[in-house]
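Okay, got some structures for you below.
Each of the next two complexes has subunit A plus one other chain: subunit B in the first, subunit C in the second.
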Partner chain A sequence: MGFITATADRLTIRNFTEAAGLFRTLGASGFRRFSTYRQATVAATITNTMFGFVRTYVMLAVAGSAVAVGGQAAGYDAAQLVTYVWAGQGLIGVVAMWGWTELADRIRSGDVVTDLLRPVHPVLGYLLPDLGRAAYALLTRFVVPIVVGALAFDMYLPQRAATYPMFAVSVLLAVLVCFAGRFLVNAAGYWLLDTRGVLMAWAVCAGVLGGLYFPIRFLPEWAATAVYLGTPFPSLLQIPLDVLVERDPPAGQLGLLGLQALWAGLLFTACVLVQRRAERRLVVQGG
Partner chain B sequence: MNANGRHGGVNVIEAHGLRKDFTVRVRKSLLRRERRVVAAVDGVDLTVQRGQLLGYLGPNGAGKSTTLKMLTGVLNPSGGRVSVCGLTPVPQRILLARRIGVVFGQRSQLWWDLPLRDSYELLRHIYRVPAAEHAARLRRCRDLLELDPFLDTPVRQLSLGQRMRGELTAALLHGPEVLFLDEPTIGLDVVSKQAVRGFLAELGESGDTTVVLTTHDLADIERLCRRIVVIDHGRVVHDGGIDALHARYGSQRRVTVDFDTLPPALPALPGVHLESTTGPRLTFTLDGSASVGTLVSALSALGGLRDLSVTEPEIEEVIARLYRSDEGRAPS
Partner chain C sequence: MAEGAAASTAAIYRRLVAAQVRSQASYRASFVLDLLSNVVFLGADLLTVLVVFHRVPVLAGFSLTDTLLVFGLSSLGFSLADLAVGNIDRMQRHVRTGLLDAVLIRPLGVLWQLLVLDVGVRRLGRVCSGVVVLAVAVRLAEVPVTPANLLLLVVTPLAGAVFFSAVFVATATVAFWWVDSGELSAALTYGGRDFTSYPMTVYGGWFRHLLAFGLGFGFVAYYPALILLDRPDPLGAPSWLGWCSPVLAAVAAALAALVWRTGVRHYRSTGS
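Here is the complex of A and B:
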């Protein structure tokens, strides 16, 4: 892809170490930027944890009635649903489901010009700090809800050792897919003067179709399949959580990772193309 | 040709017939909108040699920033040819970015929530500057721009003057060949302005960095630029030194004299006009050809001359005249 070649023009040792330095420092910058907002982190973690309780009671009710009629709720038992909820509450902050408007704001204010004046592809220039941000969220916003959930309820622990590395890969892919989606939604600002509508549509879709409000598997199979294959949203929360609670056998887990990777590839290609189109027609407002 | 000389021969910036058209929609009635093409930059020719410090002037909306954006590769020209450091800005933007530095006075390239020190460290990696080179340049900027008191303060907490000094440093840390400054002293207090100006003057004297400076602050221009390009309505209306500007737009020197008592008759000299009389004080304006010496000796021959002062023409007045002379000309 274009942004890779722009950053590492020739693959030599020197270029490699330089690129590694760029990745490390830009990533670290994202970590540091977000770690300065401690109160925001605390507030968000508390909110995530409180909603964890609400969602857990709803899910336990669902599981309870499912057991009453002698079955599982769409393939999940009660403990799996508890893990699904609490790990999900932790992942909200890691993938940063909503609320990222940095690019749209910079387009609107015209500051995006300075992104173009740097010798780094803008997609990469936003992605690396976002990975740093995700790492920070992993240490704070991810850990707290899981600990609270584990103390308050019986959680399902993965039975297969391979599930852990698969979950880690799945979370990384989820961060990538979510970033690319947010980047595209923000980049609408190059063409629209007001991106609030698009951002809101993203937030609603990410919540409903991403598996936050309920597991997508609760839908009829044809509908669930359509959402999985037709939209990137299940890649944000649903797939990492399904991998974690071992909703599917190992082959199914791998298939889900493949689907995530496919969406990540598609969306990043779209990001690079959209960025190229945006640059071509760029008219910076004001100034 | 002295192609190897410090200021000699090498064109760092070349633009020929550079133009940029914007389409604006004008509301005609409730439903009808008319598209109209406005030329923001309308055929600018510009060559800048290595080491020059060029003042790029023009009234608001003249096309200064648009030109700068085309030179830096963030805006695609609608026509004409342009090359900066031998590169074509838009298609080779990322390559060019390594070789130029840009400060837009009203935009920030620093990270809002990071201290300056961290921003600089990031820039070092983004521009892939060897650590020793980076440290040396940063040390120089810290000394000249007095950055030390706020080097560890997050950018969002800096005052405008501090931030601008930070921005200048950020633009220079990778040792750019060309520095583009778009109104770098806008909104700064006197002390900060002087710091920035002094720094640019020193940069200009070293002769390694080519500087293109747009500003509305004419003191910047007088202090810093030997060459001035003035554009208006997207066209170059002047290209030359300050002296040439004065000569061309008929700048007038003023001679103010105080007499004990007003003399009954005044000498008539070519190119000298009496501008005003207030009590015993007379103010004359002199065209470029007239001599102050001749006027003074003629006046002192009248007797009773008490005091005398000569005022050089203000650049401000010249520029105002220049802008006004184009007023009323319909934009093409």
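Here is the complex of A and C:
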């Protein structure tokens, strides 16, 4: 009798070509899948645009009042806040802040067992299509709010060439952190019968502490520091947006990227550990 | 005879609602968590207002207490609407899964059936916190206690509730034509709530005209709040506008009913 495990043998990847092939195939599948949801993409973009207008006007009023009392709103000027809001509305779709319940649904229905039979680690098996999805969102849901915002308002353009590649890296890290966070929240379904509460908590924290409702630096400094260092949420929107609007000098931007990378590493380690524990306790009821 | 039929229809709805409440309350932990998270969501919006005022003393000519009054009126109106008809945003799923076909062949009103299919008892949490926020705002803004003001404080959230309900129903109707309309309705429901949470002086140009007057969102909280605060509109609108919200709510409800009926008449099953 051999040793029986719950999972299939994992694919051994021998060289770079094989790894690239795996990335391409699974990534393309995510891209293709989401490019068929055309109505939903249009609808989501319209909604992001509406919120973009409301939040821009509120932020412009804040900037206006701050100038009237002779200062800046937490170090942002009006044009920076405009860019902050519209790029933020675009990034919601890229990182997919809310609404991903696929893993939790599959755990509840038992379909998750087929993920374990695939020759790819489940974390990677979900991550790669998600990167494809993010690439599609970058071409659609990110571009439209930026264009609308640029047409309707005076936007801040980065002054330093180095900001653009740093923003690109920051967005990639944001997608990774957000994916890992969503994966962990969904994986709570291995232990909880009803994951709605956990998912709701994620949605609130991502919105409030992620910098969507207001820039985290609007908070008193001690609170902002605690949120940056103590939670992964600023990595979702706040940090990419801070990098984009050059809120900090280059050294500060690099520091923020480092913080994001740290959170990405921590959360992915947690994902792998949680997945290992979950595979040990998963019991799929027959049916 | 007709009276007896009406009474029995009401009894059916009562039983449907009661069954829903029982089934939701039976998952006790989940139910409590749902109630709490709805309170937290309102807290998140409130926190946004407070954080903004942490940075600036005045926002577009309005102080924190004035803005809180606008916010309170808007969020109570919205949460009442959300409690009553908020679950209509599942319309797309009803169309896609074919549940609507089943609903259509039953001898009860289509809209009412959909509403009692999933009563959002958990949203009571949001209504309660809305009442508290409004009460605190009235106290902080030192609104004079007169019969007219008290009447306005009752009428405005109710009219706001009817108005937001109309927006919920009208935007959900999109699903009849456009099955995969995703979060489109959120643009006007949640977007409308965010819009009405701040004084209209915050917004500028065509955007303000379109939403405040074109779609009527200005009447939900801002104009009534001006009467309660006893201050003229910095944008020059006459103060009696604050009493117009019930009229506007009635018009919105009539339009929503029209849109809904047109939608039901044009409904073609997805075949699934």
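One rule holds in what follows: the second predicted complex is superposed on the first by the 270 of 287 C-alpha atoms of A that agree within 3 Å, B and C clash if a C-alpha of one lies under 4 Å from a C-alpha of the other, contacts with A are read in each partner's own complex, and residues count from 1 in each chain.
Rule of thumb we're sticking to: contacts are C-beta pairs under 8 Å (C-beta built on N, C-alpha and C of every residue); 3 or more make two chains touch, one makes a residue touch a chain.
Model, not experiment: these values are computed from the prediction.
If you put the two complexes together on subunit A, you find that subunit B and subunit C both fit without a clash. Contacts of A:162 after superposition: neither subunit B nor subunit C is touched. Once chain A of one complex is fitted onto chain A of the other, the partner contacts of A:33 are limited to subunit B, with no touch recorded for subunit C.
Contacts of A:280 after superposition on the shared chain: subunit B is touched, whereas subunit C is not.
Contact with neither subunit B nor subunit C is seen for A:143 once the two complexes are overlaid on the shared chain. When both complexes are overlaid on chain A, the residue A:21 reaches subunit B alone and has no touch with subunit C. For the combined model, the angle formed at the CA centre of subunit A by lines to the CA centres of subunit B and subunit C equals 90 degrees after rounding to the nearest 10. The wider contact with subunit A, measured as residues touched, comes from C rather than the other of subunit B and subunit C. Applying the stated contact rule after C-alpha superposition, one finds that A:120 touches subunit B and leaves subunit C untouched. In the superposed model, A:226 lies in contact with neither subunit B nor subunit C.
The gap separating subunit B from subunit C at its narrowest, counted between C-alpha atoms of the superposed chains, is 9 angstrom. Overlap of the subunit B and subunit C interfaces on subunit A comprises residues 37.
Contact residues of subunit A toward subunit C in the complex are 37, 39-40, 43-44, 46-47, 49-51, 53-55, 57-58, 60-62, 64-66, 68-69, 73-74, 194, 196-197, 200-201, 204, 207-208, 213-214, 218-220.
The residues of subunit A lying in touch with subunit B in their complex are 6, 18, 21-22, 24-26, 29, 32-33, 36-37, 110-111, 113-114, 116-121, 125, 279-280, 282-284, 286-287. Taken together, the subunit B residues at the contact with subunit A in this complex read 22, 65, 69, 72-76, 93-95, 97-98, 100, 102, 104, 106-109, 111, 113-114, 118, 121-122, 124-128, 154, 182.
Note for the complex: subunit C touches subunit A at residues 27, 29-30, 33-34, 37, 40-41, 44-45, 47-48, 51-52, 54-60, 178-184, 186-188, 191, 194-195, 198, 201-204, 207.
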